[in-house]
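Next up: some structures, all given as structure tokens.
Both of the next two complexes hold chain A, though its partner changes from chain B to chain C.
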Partner chain A sequence: MKRWILAAVAVMASHAALAESSSDAIAQYRAMLADGNPAELWEAKGQALWKEPRGPRHASLERCDLGQGPGVVKGAFVRLPRWFDDTRRVQDLESRLLTCMQDLQGFDAAAIAKTPFGKGEQSTIENLVAWVASESQGMAFDLPQSHAAEKKMYEVGRDAFFFRAGPYDFACASCHGQEGKRIRLQDLPDLTTRKGAGDAFGAWPAYRVSSGQLWSMQRRLNDCYRQQRFPYPGYVSDVTIALGVYLGVNARGVDSVAPGLKR
Partner chain B sequence: MGDPMRIRAKSSDGTTDVRVLMAHPMETGFRKDSSGKTIPPHFIKDVKATANGKTVLTARWSQAISQNPYLQFKFKGAKPGDKVSITWVDNKGDTRTDEAAIA
Partner chain C sequence: MSRTVDRTRTSLWLRSVAASAMTLAVALAGCESTPGAPGPGAATHAEATKIIDSSFSAHGQAGLDRLQQDALQKACSSPTPPSADTVKALEAAEAAKIVPPPDGRYLGDWRAGENLAQNGRGMTWSDKAEAPNGGNCYNCHQLSDKEISFGTLGPSLHHYGKGRGIEDPTSPQAMAIIRYTWGKLYDAKAGNACSIMPRFGAAHILTTKQMQDIMALLLDPNSPVNQ
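For the complex of A and B:
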């Protein structure tokens, strides 16, 4: 009996040691990869696509207004989502890019919204968000909350965050509402706190090593819905924008590191 | 002409450290697409690095190298301000050359 207990303790101890060294190894691997984040390749492409005349109207995106004035990209990422007078709604980066791609270049925004991630013009958006995010790298989140619609979207986002639904009765808060939680080897940030929200909202878009793809915030939210076994939210639907407002406002003052590097 | 690559080169004590990130799908030729068709091989075959016109590295790659390859190497004999140029040629005959100044 004693020998069995000793053996069991030895196995558990070695398991703990293994867990320690594997998370260290992952951290080391990520450090190696960070020097030359593949997201930089998407940034370079995005910068070129911003200037290139494209679409039925053969126009560039250089007059696109991301909230700081037409063509101003620096600082735009850390001030989105926000209210836009011309469309009379609160928009995030991707819905605003869709607006510009439709109004300036003549693309069909609804068709792009239906296109699967990574295909067709969705891959154009991947490149654009990587570059736009990089132009705000190191800047602190400073989402406006002055317009009534912006304040309302924060509340809607908060309610959506805590709303339990789906076959597992999950909410975003189920995984992201407490400190110190993890799923398998992935740490889960507490998105209700400033640091947690900042780490999460400021890390997407990100290059995901496991899939070799660049994921935008919309794609990340879409996958969260999939993981909860919820119906897919529509691309740039109001609920996804509201969640972005909730996260971004919670993250106020935290520096954005996007485009980030993820497992 | 392939997609642009990111080159960073730093010199210290006579040794130049070059880091290159290349954009390339590096298809092995073993993957199948969603309809079951095999995706044809598409990978970088040859890499050449030159500094001040002199070749400092040549490499012969195969499908074994991963997507968006990251290459790091060191060499002696260059100083800050010199140009380092990287060229790749793939199995379809496409090529890309980029250069950067050594910091």
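For the complex of A and C:
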């Protein structure tokens, strides 16, 4: 984090008007880094893990249905979260990967959901989401909204987005409901707009320069709620999936760039 | 026709537009809360509340009680602002929570205030409950112009005291601004019900001493904010 700030400050110092140009300077800095996004390492591992026989059943994920039919990965990322007939739930990518890991490979989904981010099978999921997302790079978000449950989850997601609570009275909307604002030097996308939701939803999972880790969408939302001073959102809990539907539907038509590169 | 008349007419027209918008807002709010006939908004909200309640668990100092909204949080959890009457009632209730510093001293040490303004920690599940909270000021506001890493969710507070003509913050002439600023810091919702600024005093985020130090940062002529 400190290193990043120093680098950003160095880039900015070359500009005459400091405050005005800070976002430009950061964008420039990111473009420099984007020449090689370290997320590619996660993608490569994810691709290998997809095919590798693993878990108590020693099976691969090659028959996993991410919504486009068993084994179809291309285009799946830009159409999630969506309704699944077999689980009778609206599921996001991570929730669906858990279903496949349990049903096909025999892993205990509940145990993985309780595992801290970056540890054990959670790190497997990080690799998988990087690869699955990369297979939809350049495709436009097109989340289905035909099932009643998908429509309901959009409405619930919007409600959750504006839900203010906790000691600081924060909602998602407190920081992400206006255009052109920032916290410190960090630009805040307005997630109620197509462009803002596209820039944000369409960039996670992302490699985070500050921590050297790849963060999934679930991990991103989890940290948002931490900074909102809320209690702990369950991994793939319904509120996180509803927010995913709200953001993903708002981002309709925007091309996915995930896995992205972030501060 | 004179310009004054033009202006009066424009202002009357604006007022009537605002009034109809308000009537509409009241009418819409009325629709949603009609007993026995909840609209889709109310049904979704009930469903969302159920989903939110079942999705979180207590962690560190962040207990599930944090999901229990007070009347203000409830009223301000919509993309549309509450009715003018509701806003008035909420602001009055918040104003009643403001407590002046018990020792009568509004201004502390601006150096400690600057440290607090820089500090964005506090009250997350990963923060130690017994550790003092930061003021989070630079996250949303510009203060000293020496600090280039500042947020823009709130207005710039650079020259906060200087711009308000505060030369001697202990003088009687400064008292109105001092009280106003204390109130804003203690409970920003007293003047703007759905403000995104936390209620630093009323929600027990900062101590009296910490607020006195931030007051000095804003109002002391020697503070970097007023250079």
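Keep in mind that, in the parts below, the second predicted complex is superposed on the first by the 239 of 263 C-alpha atoms of A that agree within 3 Å, B and C clash if a C-alpha of one lies under 4 Å from a C-alpha of the other, contacts with A are read in each partner's own complex, and residues count from 1 in each chain.
Basically, a contact is a pair of C-beta atoms (placed from the backbone, for glycine too) under 8 Å apart; a residue touches a chain by one contact, two chains touch by 3 or more.
Remember, it's a predicted structure, so these values are computed and weren't measured experimentally.
Undergrad: Using the superposition on chain A, tell me whether chain B and chain C clash or fit.
TA: Aligned through their shared chain, the two binders fit side by side on chain A.
Undergrad: Taking the superposition as given, does A:P81 touch the first partner, chain B, the second, chain C, both, or neither?
TA: neither
Undergrad: State whether A:G55 touches chain B only (first), chain C only (second), both chains, or neither.
TA: neither
Undergrad: Taking the superposition as given, does A:G212 touch the first partner, chain B, the second, chain C, both, or neither?
TA: Touch partner of A:G212: chain B, not chain C.
Undergrad: Between chain B and chain C, point out the one touching more chain A residues.
TA: The partner that reaches more residues of chain A in the superposed model: C.
Undergrad: For A:G36 in the superposed arrangement: first (chain B), second (chain C), both or neither?
TA: In the superposition, A:G36 touches chain B alone.
Undergrad: With the two complexes superposed on chain A, say which partner A:P231 touches: chain B (first), chain C (second), both, or neither.
TA: second
Undergrad: Contact-wise, after the overlay, does A:K45 reach chain B, chain C, both or neither (first, second, both, neither)?
TA: After superposing on A, A:K45 lies in contact with chain B but is clear of chain C.
Undergrad: Between chain B and chain C, what minimal C-alpha to C-alpha distance in angstrom results from the superposition?
TA: Value for chain B versus chain C, nearest C-alpha atoms: 14 Å.
Undergrad: Which residues, counting only chain A, touch chain B once they are in their complex?
TA: 35-36, 38, 40-41, 44-45, 48, 212
Undergrad: Would you mind writing out the residues of chain A in touch with chain C in their complex?
TA: Those in contact with chain C are residues 5, 9, 12, 18-19, 22, 152, 155-156, 158-160, 162-171, 173-175, 177-178, 180-186, 188, 192, 225-227, 229-234, 237-240, 242.
Undergrad: Which residues, counting only chain B, touch chain A once they are in their complex?
TA: 3-6, 8, 19, 21, 23, 66-68, 70
Undergrad: Contact residues on chain C for chain A in the complex?
TA: It comes out as residues 40, 44-45, 47-48, 51-52, 54-59, 62-64, 66-69, 72-73, 76-79, 120, 123-126, 138-140, 142, 148-153, 189, 196, 198-199, 203-205.
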